[in-house]
Amino acid sequence: MPKRFAVTEDKLDPSAIAALVADPGSGAVATFVGTVRRMNLGRSVVRLEYEAYAPLAVRVFERIAAESAERWPGVSLAIHHRVGTLVVGDASVAIAAASAHRADAFAVCRYAIERVKQIAPIWKREHFEGGEVWIEGATADPEDPGAKEVALRRACA
Amino acid sequence: MRVRVRLFARLRDLTGASELARDVSAPADVKTVWRDLVREFPALEPYTSSISGAVNAEYARMDAPVSDGDEVAFLPPVSGGGAA
Amino acid sequence: MPKRFAVTEDKLDPSAIAALVADPGSGAVATFVGTVRRMNLGRSVVRLEYEAYAPLAVRVFERIAAESAERWPGVSLAIHHRVGTLVVGDASVAIAAASAHRADAFAVCRYAIERVKQIAPIWKREHFEGGEVWIEGATADPEDPGAKEVALRRACA
Amino acid sequence: MRVRVRLFARLRDLTGASELARDVSAPADVKTVWRDLVREFPALEPYTSSISGAVNAEYARMDAPVSDGDEVAFLPPVSGGGAA
């Protein structure tokens, strides 16, 4: 049985991740899969190299689940992130949230991907036609109430 | 005392090292370790305002204390979670 | 290659449905799966019998896709609904929406399930411990602007 | 003229038929077909305010015209899409 929160070099299997959260009490499973897109900011992407501080990343995923459980009790969540070399179309992240009701499943799934992008210690180096660049987003600060607020708003909460 | 320093992504590229063992004078906090590192690798300087720190694989403030044997990690702004 | 809009007696395969919408231009795929829940309104569910007016249901799914495309251009959508006898844990509906950006994928996926529940000519008869009952929700009216408004609001649009 | 009437879910249970062939006098609209049906099956009466109609597998208003050979469907309030 795979773990609900994982960083892995293996290809992600969204169905297997959804199966980790679904149970007879849930009537709704919302899933999000982020994939490598061919174009990024006008650049033609060849591949992405994902790197993670894996033990902290897994703890961050657990933290995101705890934050979700506080806001949406009873929703179960799984987050898997892939690292290593990914090509166009490969899934980099797969998230599943299961709940008795669809509103909560959608909200937790969306909240989780927002928080992953904000605070998971994971980086991607984009290899595009003509060069390569580390992508740097936001400074990760799990205690920042502003970031959490943004994630809640995007989750339509 | 001696700490293990972990560097990721562009910080790793700039220093050429993903892991370093370094002596720091006690008492030290995360900031102390970073300042020593910037002295050794001046190219890290621009990251002073944007890094996050972690001690033993838990996020830590820059003023969190560091003990002998700790793993101190420095994280540039993150970009996980997919393209979009 | 299965169709993007379908009513079927076969077990639903959410991964196959997601594969119908993902392409190299999309970076985000949001999926929703509705499953048969063990408890409903305090009743212990034994099985559900789903029935559809299939040709109209498929047209309604296409209509939902057209409504989505108007509001969120460039998002691709697939909707499969199962009919026949389903037991607890079985998926009754699977929806996938793919987009360059995650906000649109989530919005279309949510909008689609709301519209399916409002206007798809599909019914379920619940067999529970001690009896059975046809579940009747809302009168289906695809032109009702109020219902559309509710769906848009739930999609956080 | 003759139409094919389709009935679903509880309407089917109440009439004992999922499909009926019925004569209606022209000109007719969806409402005409429904009224004839209620006369034949009074148990349908309570659904008059909550049904939707369809002609040839397209939603149609109750005042939509019906022609010879049309398939006219009556749909009780819907409940697809999952439990939750």
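By written order: A, B, C and D. Residues from 1 in each chain.
As a working rule, contacts are C-beta pairs under 8 Å (C-beta built on N, C-alpha and C of every residue); 3 or more make two chains touch, one makes a residue touch a chain.
All of these numbers come straight from a predicted model, not from anything done at the bench.
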| item | value |
| --- | --- |
| Rounded Å distance, chain B centre to chain C centre (Cα mean) | 48 |
| Separation of mean Cα positions, chain D and chain C [Å, integer] | 24 |
| Chain B and chain D: spacing of chain centres that average the CA atoms, whole Å | 71 |
| Two or more partner chains touched - positions in chain A | 26-28, 33-37, 100, 102, 105, 113 |
| Shared-contact residues (touching 2 or more other chains) in chain D | 82-84 |
| Topology of the chain contact graph, where touching chains are joined (line, ring, star, complete, other) | other |
| Pairs of chains, among all present, that meet the touch criterion | A-B, A-C, A-D, B-C, C-D |
| For the chain C and chain B complex, residues of the former touching the latter | 26-28, 99-102, 105 |
| Of all residues in chain D, those that touch chain A in their complex | 82-84 |
| Chain A-facing residues of chain B, complex | 6, 8-10, 13, 50-52, 54, 57-59, 73, 75-84 |
| Residues of chain C defined as touching chain A within the complex | 13-15, 18, 22, 24-39, 88-89, 100, 102-103, 105-106, 109-110, 113, 154, 156 |
| Chain A residues within the chain B interface of the complex | 33-37, 40, 45, 48, 50-53, 55-57, 59-60, 81, 92-93, 113, 116-125, 134-143 |
